[in-house]
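Input: structures, listed below.
Below, chain A partners chain B and then partners chain C, in two separate complexes.
Coming up: the complex of A and B.
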């Protein structure tokens, strides 16, 4: 008897999150099939790729990234240049400069900077904080108001600041919010439920369930994402039917193998190649495990992952 | 397919002879059904009954052995679709492709690269596992010469050739080294079955669709072989991914034994000339069901994340990954550099050592045997305490290996400070930060 593949289509689906407005707006989620399994049923929205830029510019970035932005006079020009990378569907501005342990830019100063980025950005905008729960809450509250109507996604609310952020970012100013947890399905679910309790609907949420670079404990990421998807789709758990967005570029460039200079490890070859390789390998693994969007730094990584997604989803079902 | 005790009981002699060590044939059958006893523990089973039962209790996916000696590998034998259900047992193998229509200098460059890629990562040797030797349309002599050349690399070969005569000539040279003959198509499978069984090697099968592949496998099984590897197809990345998933799913959750074989994914063709796309695909197929993954090239830039990812994915989800206890000098630390201690959970080690490396401050990182758990878990379990740390420092001879007597402990176990000062006379105990991310700032301030 001839082989007929079984199709695994779930009765539940992932909720759709829309960021940005108008023609360039981007939708995440929507599928009722396993991540990337376009052969089982429509993905509705294929996974998305966002390009990361820093409010500190390219200082400290690898030469190849600096070269790409070389002729950009300011952050607004960098934003436009980032949006031009083939495959980039939205821009993610990281507010590194606001880090109290770093440059510690004030909220007012950061708001001014973000305004120029937002004015220049032709694609939907997402804004990542500096990692300090307290500072991020102050920043996001101010920015959510300032950017009203732009439908911006803010990354991320944690268990330390979700109340303030849920209320201000989503309920007061109608923006979108990512809930961040550390590679644990129960923590992810709990934070989603807590946000739900203060009135934040699923349709305003993404999840950052945490990430690890390939080789650095990725098994936990893979299993967390897979369990989130199987629980959301197979068991119809509404608290987990939220698209997953995963920042990859930030960490991929900080592991030893992508930091080490070629002079120190000549057999490893070009540092830039290694960094791209870590970024691409980690992003592809995240997509295979269940990420609905990945955030990448190097233009070549962005284009490669966009090409991968295109190849896996071309021609629909 | 789980077999019930009663089905097994029907095939026993029903004499309750106790020769198997169990009081009754029924009790024996129940134990076999649970997997507690092998069927052949009963000396009175007929060979037919044993064959029937072995078949019915066989795992959903065959295990295929290839290669010999140091280059021997095991493929397949998987029982689950997701690694959190049960360990993935046979890790993906990475092959580099050589073809007889490549310029000689490219072949030499690839072989040099294969020889150069060899390093250890958390106790595992990382290297190019296989060489995929393709017949690109040249003469039999040219192909055989390439096979003989590839053989000198000491890797198990996959002979990618569909011409019977050429395959025969190549096999004659390397049959003893356990290559894979890749191989069989819907048109030549009978001849290739004969070649593979004569040479006693595993046979790769390819076809233009999954339905045709399935038919060919069934035909080969009828001929009498179950030592197969299935090519998931290389018409497009989408089709190859669908093939890899559908074959594995049919085998594991669909009970389809004819698809219960390891897979082969030819990324060298799918992403020809695009090394970064190949990286993305290799990562995808490492997570999703690629048993043999064929690449155009495998350099350090690709291997470092890819082998690391494989090491992550093919671990026991019940058992934490551990690093060996000992002294890890970071940033060129000499014995006088400051010491910091943490537990042996691989993830903790990687995060902590990464942050110390980022700080640029020479540090001797001490890894204490803490059962492979994270800091708080091992502390709660009594495996990362003042006593265990003091014992580790004494037994590992740390005081002979380092001259510094300053020890930074994780902030989460700040409570150990007092007791450690008592147990480690002469040492200054410094409480470090709670989170690894704070290490750079902390250590820079401490050493300022």
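Coming up: the complex of A and C.
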């Protein structure tokens, strides 16, 4: 008698979030099985990969990334180039330049810049804020209106600005919103509940439950993601049946191992290879723990993770 | 252990408003009480149509359809001694949100309600009693065993038999309450589900005392393993206690708004 493995399919499922429109639109979530357990049941949608670019261009990026975008004259050209990376299914524009503690670009200037990116972008667009809850609320309100009909995902609403963003981004302009919590499953659930209480449906939401790089407290991230899925599927908790999107690239390039120059640590070898390794390792671990989409910066990381997802979910050579 | 299940008890033939509405087939008051109980956090609604000797079949069908149509196939607990009425109710019952519950069987004359549940793939509430109140837990567990064996012979899954230890009234039988909690623990340790009409414990107490006593009892009973209860979910203190205990038991993930869902 041959061994027949037991399949674990839950009665509940993760809600589906759609971003973008038309043929290139991308759907996240939908599964009734543990992350990547395609052998138990259909994933409905495989995990997705987005490529991150900055409104400040490539300034400060490592050589490999600068090389990839070297022939891009402006942000529009860079957007198109990013969308060409094999495996990239959507683009994530980070509004670093609007940071009040940095370049502090005005809302009006940023809107103009984003219009250029949106016009050039052939893939669904997601927009990440500058990190200031107050400024992000202003930016996202203006951008949600400007980009009406593009079905853009905005990252992220926090405890401090969820009311304004839920009302403007989703309810007024029909865009999508990610709720951000920092490795705190109770807050993750609470934010979703609060957004639900002001009328934002699950189908308009993603969650960024936090990220950390391997070796920098990643076990807390993994545990949080796993518990989110256990609660969502195992306890049928609707407040957590929302796809997880994780901006891995934002963190992966900020740790010592991906920052230190080879000249200072010759025994560590190429900085670029190290950075890609950290980005890929962290992204793969996030997918295993429950992320429904990852945002990555280096073109090679994007392609590697997209290939990995393809092999895990569809098989092949 | 799954999430604690609250069965709302407020659609009861003994209430003049409900009796009148049922006799006149006026959905208004029935739906109103259903809405309030669901908003307060009930999962199942008990539908007690009284003895219903004359038109029980028609009345139970009417109640099941009126409630399931209005509230997205809300799962129901069919409560009457009229077995034909229960069968009629099940014949129109939609199982999308959960099996029907038959309320109730005991180890005595009403053991045939176990047969009824087995024949209709329903859940049955099984009272650990035969004639009157069991003297001690040896007697309770004997009845439990009789009911369980009977149900399993008929092909029922043990999880579809929800055992009622009998929540005895404190005023008059105070010394029996530790037995009730111990019985819940023993039933739970056997892997069985438990339920019961908990507010009986505070019968005869002043109205302001009853919610305090009921909430304390439900907390202790949940600690003993109680998996379900038949109560008035509009009792705020009761529902706050149930939800808080279910957070502590790990059945609900905590969020600051947990009392509002």
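Operating definition for what follows: the second predicted complex is superposed on the first by the 313 of 317 C-alpha atoms of A that agree within 3 Å, B and C clash if a C-alpha of one lies under 4 Å from a C-alpha of the other, contacts with A are read in each partner's own complex, and residues count from 1 in each chain.
Here is the rule we use: a contact is a pair of C-beta atoms (placed from the backbone, for glycine too) under 8 Å apart; a residue touches a chain by one contact, two chains touch by 3 or more.
Please read all numbers here as calculations on a predicted model, not as lab measurements.
Trainee: Quick one: chain B and chain C on chain A, clash or fit?
Mentor: Superposition result for chain B and chain C: fit.
Trainee: Just to be sure I read the superposition right, which of the two partners does A:197 touch: chain B = first, chain C = second, or both, or neither?
Mentor: second
Trainee: Which of the two partners, first being chain B and second being chain C, lies in contact with A:189: first, second, both, or neither?
Mentor: Touch partner of A:189: chain C, not chain B.
Trainee: Looking at A:179 after the superposition, I want to know if it touches chain B, chain C, both of them or none. Which is it: first, second, both, neither?
Mentor: So A:179 meets neither chain B nor chain C here.
Trainee: Treating the CA centre of chain A as the corner point, state the angle out to chain B and chain C, nearest 10°.
Mentor: 80
Trainee: Identify which of chain B and chain C touches the larger number of residues of chain A.
Mentor: Touching more residues of chain A than the other partner does is B.
Trainee: Could you say whether A:8 touches chain B, chain C, both of them, or neither, answering first, second, both or neither?
Mentor: The first partner, chain B, only.
Trainee: Between chain B and chain C, whom does A:267 touch in the aligned arrangement: first, second, both, or neither?
Mentor: first
Trainee: For A:168, select first, second, both or neither according to whether it touches chain B, chain C, the two together, or no partner.
Mentor: In the superposed model, A:168 contacts neither chain B nor chain C.
Trainee: What is the minimum C-alpha distance, in Å, between chain B and chain C after the two complexes are superposed on chain A?
Mentor: 12
Trainee: Report, in rising order, the residues of chain A that make contact with chain B in one complex and with chain C in the other.
Mentor: Common to the two interfaces on chain A: residues 227.
Trainee: Note which residues of chain A are touching chain B in the complex, please.
Mentor: 2-6, 8, 36-39, 101, 131, 212-220, 222-223, 226-227, 230, 254-257, 259, 267-270, 273-274, 276-278, 280-285, 287-289, 300-301, 304-305, 307-308, 311-315
Trainee: In their shared complex, at which residues does chain A touch chain C?
Mentor: 185-187, 189-190, 193-194, 197, 227, 231, 235, 237, 239-240
Trainee: How about chain C: which of its residues touch chain A in the complex?
Mentor: Within the complex, chain C contacts chain A at residues 3, 251-257, 260-261.
Trainee: Write out the stretch or stretches of chain B touching chain A in their complex.
Mentor: 82-84, 116, 121, 210-211, 213-215, 236-238, 241-242, 245-246, 249-250, 253-254, 256, 258-259, 274, 276-277, 279-284, 286-288, 299-302, 304-309, 311-313, 315, 317, 321, 346-347, 350-351, 353-354, 357-358, 437, 441
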